[in-house]
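Two complexes follow with chain A in common, the first pairing it with chain B and the second with chain C.
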Partner chain A sequence: MAREKNYGNPSLEGKLKDRYYYSDDTNRDFTQEVEKIGRTIAHMCYQCGTCTGSCPSAPRSSYRIRLFMRRAVLGLEEEALTDPDLWLCTTCYSCTDRCPRDIAPTDVIMAMRNLAARRDIVPRNFLKTVQAIYKTGHGVPNNDVNRAARVKLGMDAEPPTTCGFPEYIEGIKAIIDHYGLKDRADRILSEGE
Partner chain B sequence: MHEYAFFLGCIAPNRYPGCEASAIKTSEKVGIKLLPLCGASCCPAPGAFGSIDLNIWYAMAARNVVLAEQMGRDIALICNGCYKSIYEVNHILKHNDELRDGVNEVLKEIDMEYKGSIDVWHLAELYYDPKICGVDKLRESVTRPLTGTKIAVHYGCHLMKPRKERHFGDTDHPMWIEELVEALGAESVQYRNKMQCCGAGGGVRGFDLEHSLDITNEKMINLQEVGADALTEVCPFCQLQYDRGQVEIQEKFGITYGLPVLHFNELLGLAQGMSPDELALDLHAVDVSPFLEKIL
Partner chain C sequence: MAEKKEARIGVFVCHCGTNIAGSIDVEAVKEYAKTLPNVVHADDYQYVCSTPGQTMIADAIKEHNLTGTVVAACSPRLHEPTFRMATKVGGLNPFRFEMANIREQNSWVHMHDREGATEKAKDSVRIAVAKASLLEDLIPKSVPVEKAAMVVGAGVAGMQAALDLANAGIKTYLIERSPTIGGRMSQLDKTFPTLDCSQCILTPKMVDVGRNTNIELMTYTEVEEVEGYIGNFEITLRKKARGVLSPDEAEAKGIVGGGCNGCGDCVDVCPVIKGNEFEFEMAPRKAVYIYHPQVVPNLYTVDFNTCIKCGLCVEACGDKKAIDLEMVDEFVKVKVGTAILATGYDLFPIENKTEWGYKKYENVITGLEFERLICASGPTGGHLIRPSDGETPKKVAFVLCAGSRDNTGVGKPYCSRFCCMYSLKHAHQIIEKIPGAQPYILYMDIRSFGKMYEEFYYRIQDEGAKFIRGRVANILEDATTKNLHVFAEDTLLQRPIDLEVDLVVLASAVQPTAGADTVRKLFGVSCSQDGWMLEAHPKLNPCGTTTAGVFLAGVCQGPKDIPDTVAQAEGAASAASIPIHRGEVELEPYFAQCVEEKCAGCGMCVNLCPYSALALVEKEGRQVMQVTEAKCKGCGTCGGFCPGGAIRMQHFTTPQIVAQIDAFLLGGEQ
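Then we have the complex of A and B:
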């Protein structure tokens, strides 16, 4: 069956009849959810492209922040969340500082990543960071070379963080477990092996 | 003495302990006392953790803030990534009742409560602030001026951006860290696209190393053009990306730069007479000695 294009507006239908926009691809709630999580007014985007022009990732990949902004506005949830380019944003906030509509495209990306993660779409390195923090309190844990260097500097081998006070790790585990994130990270990582 | 709870983060204490040692020693000479923030954790990493679930990021960062609230001290820190997590979450929770209530519900499970009673500062902004230290006082603390060296500054992203959630003003051509560098007797040099990202953030370094290094490489080309003797930054993660990144760029792209990369605290330590051994500069992947030869 041929799919219906639909803008819900007869005069727009006429003007845009050669564009591809299918109503069954879109999810209105997606726009609202992105705006709520990202705490930004994504629907104000008028596609000027200042964001892509400011983006350090754009010149070296197919990642286009402007495209993700359009997906946010049109509610193209599937397209946005399953595109691996979503994970190429370095969150430098250059686009956010330059956006003439006062939107934070970076936070739109963060919101989309959160929504992708709810569907278990997360790169492995992100989940490994979660595992490391759950175990040691640190995303980059201490090691022996560093311990020796610290002692040579006249400092304790373990810094006064969760390294030196491991009793605090329980609190960190409790927070992560509150959201069930450790179990989810373990499961997703083991499924990928 | 101005006293602060010193939030360490991960990379400074666990990869570049010289950043931590120099922060403690250099700040004391200008009237800032950094007290250990016992039991602090990863900030947690805004890219890796925030991308998965911002709510957990809020709660985890709030736990670190609460530790300082319990000490009754503002937080001082030395990493832009930590600044993003700790400063921004503190700022958001102070002004957003809904999010604060959500965070406190989780923190209740570990007998903690976020009150919003402290502020968060980057040590570099404290050095620049005339009410705390100021450029003049910093200059007076120098015993071994870095005369004759050309130093480029990398500001990093998360200290000053997004501008409207910070208080630094101009993020296109800021010059305040250059003022700090020149207070040490060095000449600061400008280079093309100074405010561009180092390439490491947002989890990209772990997700696609070559992509991230390609961004770093662009910065390195621009830095090489102006003949800087060293690059300084205020973020150990940027430092890791430039320092170890140069070795990785050599392996993957076959280009050698050999540009020494020093945290501003390490630079200040050298200018205040600390020896390279006291700064563990041997842990740097790129040999720092060409720079040291110019000043020692």
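Then we have the complex of A and C:
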């Protein structure tokens, strides 16, 4: 039952660490923080699995939203925030539509991403998306294939967004700068190089 | 008896929708029946038990001048009364009907063998026709019903049943083994899901029971012997030596103004200290004691197993002269028409599941011990403590299905049904009473099936209880801190867990009380394979038993919570009052009859009879056997044994049975 094995060797200590969940692994503040940011009653989850069953990402990935709900209930901060699967949610909100306890699992995921980002835990593709939005106003910028398709369908080649009105990109930049998002993304990306 | 009239039998084959017709060729069975000796009419119908089906039987009896009917359908346990009635409507004696069971004993078990099932159905019909050809008119006998009832066990089930019977105007003997009524419910602190104080809602009922003039309350009393049958049970009761006289008993002995008034002066002087069973021995009592201040009746009891007869209590009692240390058990006989068994439950000895360490680790307790520890009138005044050091526990693990849903042979295979809910309530109570407390509920499934129960589950989760889906594998104690490590898998996290907690509460399985088996056998009630008393039908007759006039209420029939217990008690009381209000019951006329010219008066049958229904009497200068028909159950023990063949079993006569055997063996050839 002793959790410290006292091998006197930090790498061995990490390697031989057991996989038990201990009662003091629970961080109650984490549950409360997730509920505050997500504005949903995550602690009421009874783990029926309707969320994972509804999830379009689940059959195509290792993402199991029920598992993140469980981590929210138990306050397993480390496990939740360091799991790369956290970023596989497409935020389609199917789980939120169907949750029988009227919880919004999607918002729990968003809250966890939020908390992860505070600790600079964000996948590189997400950071690059931030840069793309900063530059073009779009996460996925317009391209030639798209433009051709739009013309063929009788629309303008550029949609009525920042593509058609590039003068508004400055406004978007102002918003992103207000939250320091671009600088943060640049910093993390450069540190990772 | 209609003498030697030629038998004319009608056969009716039922389809029972597809229950029978799906695996038996009903048409072929009908055509076959027409070829049998004595059969003058055969027909088939979708549902013979339906009104048109019954009319078909009655009409055929008149049209074809039948002397007997055979219905090939379901079990006689279901529709024998229906078809007897139809036979009677047709103008025949209802006992001129015979049933061939081609459903439970045929179509349902031979679903995939149509040919074989059809042949077997033909055999059954042939055998039934052979018997029907020899059936005789029988007249049921009515016996008067004693206008009194008995209820065994005075927990909430027994009390409710007794109150209902008494309020319906029936004299009711309420028998309780322990010194007070109230049962398990009086040990509980609060009840789910309403969180009513258990004592507060129970004591008014206890007082009602004590005051009701139609209830004769007999505490510290056990059933010793049961004789008789529905309407006329003669029951011997053992009034255990209580060592204390009630005011009435004292007056009967000429001690005016004496008897126990519950003052408790005797307790102060008694030098013997023992554990109080009511508090699971977590509090002391003296050799002269009451369980708790709200006992009904308010009488002290001397525990003669530990009393040293020093006589100090007798002196302290003084002029009231309530204490008699030389008292011995007394036997009382009462006569009742019907009886209700409500013997309740005990906790399963959970220490038998050694991996959870009950009775080995001080801080592992049962749910009922938790009730006493959290109860304001309990040994700690409602302050939940760790037994090891008296500290207030902060982290508490509740182990559900402790000994329930266990097929190892150590525990119980069934669900104990109320543990989920009381554990939720316990979690609520510690959150409410102990600031910062964290309950962990380790469960396999949460069965919150009753009215407002699921809502209660929601509420407790919202209050902060942590639910961990996984059965507890084992519990280890930290020898220095006396904390407990609970090992399980969080099956939802798919990770093993090691929870360090201050206190573990085992939601132990329940089992029938120690004396339940004795009581059950005295009343001739069977038990199901799990040991609980067996109801007459699990769905359609849940209060009755296979012994006429004996009914069941509460957990003795199977685990149930308070609402279900009270509902069943009211049902049992209603069922038990019916024969009493009717005033007489009709007995099936399957009596043994003595053929006196053959009887040698050997008397061997008299000792064999399990119902004491037979006796030797003097007739025309010699001994012959005589049957008390009301006591005879028609079991056939005497008839099978009689060396002279002098005992005739009505409705199961030797010629009738031989005809059935012949019909089977000879395949219809005479």
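By definition in this document, the second predicted complex is superposed on the first by the 141 of 193 C-alpha atoms of A that agree within 3 Å, B and C clash if a C-alpha of one lies under 4 Å from a C-alpha of the other, contacts with A are read in each partner's own complex, and residues count from 1 in each chain.
Going forward, a residue touches a chain if its C-beta (ideal position, glycine included) is under 8 Å from a C-beta of that chain, and two chains touch if they have at least 3 such contacts.
Because the structure is a prediction, the values reported are computed rather than measured.
Peer 1: By the touch definition at the top of the document, which applies to A:37: first (chain B), second (chain C), both, or neither?
Peer 2: The first partner, chain B, only.
Peer 1: Have a look at where A:189 lands relative to chain B and chain C in the superposition and call it first, second, both or neither.
Peer 2: neither
Peer 1: Report the partner of chain A that touches more of its residues: chain B or chain C.
Peer 2: The partner making contact with more of chain A's residues is B.
Peer 1: Contact-wise, after the overlay, does A:149 reach chain B, chain C, both or neither (first, second, both, neither)?
Peer 2: A:149 sits against chain B, while chain C stays out of touch.
Peer 1: Mind working out whether A:73 is in touch with chain B, chain C, both or neither, as first, second, both or neither?
Peer 2: Touch partner of A:73: chain C, not chain B.
Peer 1: Where does A:121 make contact in the superposed view: on chain B (first), on chain C (second), on both, or on neither?
Peer 2: Neither chain B nor chain C is touched by A:121.
Peer 1: For A:47, decide between first (touching chain B), second (touching chain C), both and neither.
Peer 2: Second partner only, chain C.
Peer 1: Show me the residue ranges of chain A that touch chain B in the complex, using the header's touch definition.
Peer 2: 37, 56-57, 60-61, 87-94, 96-97, 102, 104, 106, 110-111, 113-114, 117, 122-123, 125-130, 133, 137-143, 145-146, 149-150, 152-155, 159-165, 167-172, 174-176, 178-179, 181
Peer 1: Over in the complex, which chain A residues touch chain C? Could you list them?
Peer 2: Touching chain C from chain A are residues 1, 19-24, 26, 41, 43-44, 46-47, 66-67, 70-71, 73-74, 76, 101.
Peer 1: Write out the stretch or stretches of chain C touching chain A in their complex.
Peer 2: 395, 438, 440, 446, 458, 461-462, 464, 466-467, 469, 476, 478, 485, 490, 492-493, 495-501
Peer 1: Quick check on the complex: what are the chain B residues that touch chain A?
Peer 2: It is residues 8, 10-11, 13-15, 17-18, 20-21, 36-42, 44-56, 59-60, 63, 106-107, 109-110, 112, 157-158, 161-164, 171, 195-197, 199-204, 206-208, 211-212, 214-215, 218, 277-278, 280, 282-283 of chain B that touch chain A.
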